[in-house]
Amino acid sequence: MALSRNQLAQRVAQELNDGDYVNLGIGIPTLVPNFIPDGIEVMLQSENGLLGMGVFPTEENVDADLINAGKQTVTMVKGASLFSSAESFAMIRGGHVDLTVLGAFEVDVNGNIASYMIPGKLIKGMGGAMDLVAGADNIIVTMTHASKYGDSKLLTNCSLPLTGKGCIKKVLTDLAFIEIKNGKFHLLERAPGVSVEEIIKLTEGELVINGDVPEMQF
Amino acid sequence: MAGLDKLVTSYEAAMAGLEDNMTVISGGFGLCGIPENLIQEIYHKETKGLTIVSNNCGIEEYGLGILLSKRQIKKMVASYVGENGEFERQLMANELEVELTPQGTLAEKIRAGGAGIPAFYTATGVGTLVAEGKHHKIYNDREYILEEAIVGDFAIVKAWKADRHGNLVYRKTARNFNPMVATAGKITVVEVEELVEVGELDPDEIHTPGIYVDRLIVGTFEKRIEQRTVLTA
Amino acid sequence: MAGLDKLVTSYEAAMAGLEDNMTVISGGFGLCGIPENLIQEIYHKETKGLTIVSNNCGIEEYGLGILLSKRQIKKMVASYVGENGEFERQLMANELEVELTPQGTLAEKIRAGGAGIPAFYTATGVGTLVAEGKHHKIYNDREYILEEAIVGDFAIVKAWKADRHGNLVYRKTARNFNPMVATAGKITVVEVEELVEVGELDPDEIHTPGIYVDRLIVGTFEKRIEQRTVLTA
Amino acid sequence: MALSRNQLAQRVAQELNDGDYVNLGIGIPTLVPNFIPDGIEVMLQSENGLLGMGVFPTEENVDADLINAGKQTVTMVKGASLFSSAESFAMIRGGHVDLTVLGAFEVDVNGNIASYMIPGKLIKGMGGAMDLVAGADNIIVTMTHASKYGDSKLLTNCSLPLTGKGCIKKVLTDLAFIEIKNGKFHLLERAPGVSVEEIIKLTEGELVINGDVPEMQF
């Protein structure tokens, strides 16, 4: 069965290393903090100028001056720091963030990612996503494997304007955990109960399957 | 206002000299830390043909969005359109010139403008529409593009506290773009919540030194929240 | 040391991994705000062939000057030689490679190194020896030269207070180059006067967020004064 | 008679405008604060990261962490702020400093300045001087008109390695206050009791004299 949003977040959380500084994009990535494994200490970076983002505030603690990059009211953890957007992107561009998790419309076999506009239909703007994908070594893209019409989002070539070129190495979808290397998708894990065939059917770009593909463990 | 004293007492005085077709850089991220009363003053002045440089353009009825609705903006330089339907509509209908700029590049372009750096290289945007027409250069086997600085005729800033010299302290994530914006205006206008005595701010904790500030005004702020997310018990 | 805790308890551990011919960027201006014990540790390790990036090279018997006297430095990148006779002597005798770099350009090169900006244009040095061999470009009728970023194998930093996460606060003009240096090392090592509990530093007043810091040690400092000038009654 | 160091500082101080942010170099410029006219409020910038430099400290108030760009112990005035060297030179390079006063070895008719090295003899390094002369619109160079051997320091072409090219418009020497424009020196004022002839004799570069040249007023 396809992963739920919470399961996606939970699987991403398994990729965290103790001591990581992590930037979490809007959407599914914001659920990741709920699943941080025991014994793992991480700091969440919000590109609008906060390192050490905490949970949502209680009603009494809502502070208009304390939001995350999704414009949601948040809190700070102990050890948090605040800084300007220039400093924030110095961290990101300078490669100081250990892991970035973000959503996408499309990803292709060359590690290209498209996530900020659909010409003629929708323009969200790239926000900090272009900086994040250019700055981080370790990026996980989370998205559904295919659109609701069954169109694959894992392509030979992205069809939409790119957010970044050749920068994505890991994609977690509701069906599969995939690595990108040498111009191909490599199936690492499948969602519990999802068959390799199902994944092949919904993956437009070349997909390499090596032996038995394990199910994700939660 | 004389010598090092930057205080003005009316919003009219704060924005005096703003003319049609000027460039205004604004601090703020979403609706957080925006100079809301300075934006209102531009709205009331009905200045037209403006180029606005700001990460977002507020929402339709609040923040910079009100200038969009009144068609005062000719061009937007921003990283994010989402959450403002009128912005997206004007952009898609080609009624508004828009220079979509990655957020970090935008922050750095404004910092560069204030710091006398006319241009810098960045890897952000390489291989995307953002890189089109820009100079490319390889450093350590990686491709970078050349991005140019932004300087505004006016810079409008929201800070938390200030003294009359224009020394500023920001609060939490309302800091965002404000410190760079403060450096990048030919005329930098700042509005704050609280005026303190000169000498009251710890010199080690001042975020923006007064040298960057031309005019200062004390305002009251609505501080609207865009996404009120709370923990439910 | 695990997770976000950067604290180490010996200077040996603090500088572990430093090898001959590496590049070390150091904070400090004159003798103010220098990582004096980290420099001592390099002295005792007898690491050779170093490239040192620092505004000054201390004085002959103190600060980075001790590495110069012991011939541990192959190359200096600095803005100022004065007040260190041995530095001037080695430079004039061609015993030392020196890249004289204007102070503001040096600060910006280090900041750029930490911020993922491989190069930037500046007007500083145009028409001087500094500009020789560098790319020139005109912006708004003015000539600028292209300067490249500096990244160090190690960055050594002196701060006033820190928590275990490596969040740093500097004191007065001992800040100087330290905040940029902290961002520009593959391994950034910081020594401080005082360790405080995580959460004790006001997030709005942290000068260097812990993300930049790899190792942290608490030291005692001599803080020698170069020019003791006092008011005489 | 040639101006004393204090008189040089006093004459420079007359150039200050109310509200100016001023960077004062090492040497004579450091004496300027002693002569700031009544009713004029200025802030002194020290490029090592201090805006609002005050007088020297009393013995009890000496603080190793608070020095100026000449490495002298100083104090702060009310309203002072502290910042990094990158921020300090952002101010300088970005043209936010209203007036810069610094010394030199030589200045020439094209506004070139040499101040940081004498090949084969002396290398001090440029410190912040190259940034200061490139960043400021309004610069006053203070120096003696000629060397102790009587060699002019106001030249047709600087002979030493330059600190900056075409950036100097005002020079105050112990003999004269001179403006540089259109490739010539222009004599604006002479030191009390110093004759125009004396100044001509010690000025190697072309010197324009327009009518009666007034004496400096103190």
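As written, the chain order gives the labels A, B, C and D, with residue 1 at the start of each chain.
Going forward, a residue touches a chain if its C-beta (ideal position, glycine included) is under 8 Å from a C-beta of that chain, and two chains touch if they have at least 3 such contacts.
Fair warning: this is a prediction, and the values are worked out from it, not measured in the lab.
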| item | value |
| --- | --- |
| Chains in simultaneous contact with chain B and chain D | C |
| More contacts between chains, A-C or C-D | C-D |
| Whole-Å separation of chain centres (CA-atom averages), chain B against chain C | 32 |
| Inter-centroid spacing, chain D versus chain C (mean Cα positions, whole Å) | 28 |
| Averaged-CA centre spacing for the pair chain D and chain A, given as whole angstrom | 55 |
| CA centroid of chain A to CA centroid of chain C, Å | 36 |
| Junction residues of chain B - those touching two or more other chains | 108, 111, 115-117, 122-123, 171-172, 175, 203-204 |
| Set of chain D residues in contact with two or more other chains | 76, 82-83, 89, 92-93, 135 |
| Graph class of chain-chain contacts, one of line, ring, star, complete, other | other |
| Listing of all chain pairs that touch each other, if any do | A-B, A-C, B-C, B-D, C-D |
| Of all residues in chain B, those that touch chain C in their complex | 108, 112, 115-123, 137, 139-140, 142, 144, 148, 169-172, 175, 203-205 |
| Chain A residues touching chain C - in the complex, by the definition given at the top | 18-19, 21, 40-43, 45, 51-52, 76, 78-83, 87, 89-97, 135 |
| List of chain C residues in touch with chain A within their complex | 2-4, 111, 113-117, 163, 165, 167, 183, 198-199, 201, 203-204, 206, 209-212 |
| Complex interface listing, chain D residues touching chain C | 46-50, 55-59, 62-68, 70-74, 76, 82-86, 88-89, 92-93, 112, 120, 122-131, 134-135, 161-166 |
| Complex interface listing, chain B residues touching chain A | 29-33, 55, 78-83, 88, 91-92, 100, 102-105, 107-108, 110-111, 122-130, 160, 171-180, 207, 223-231 |
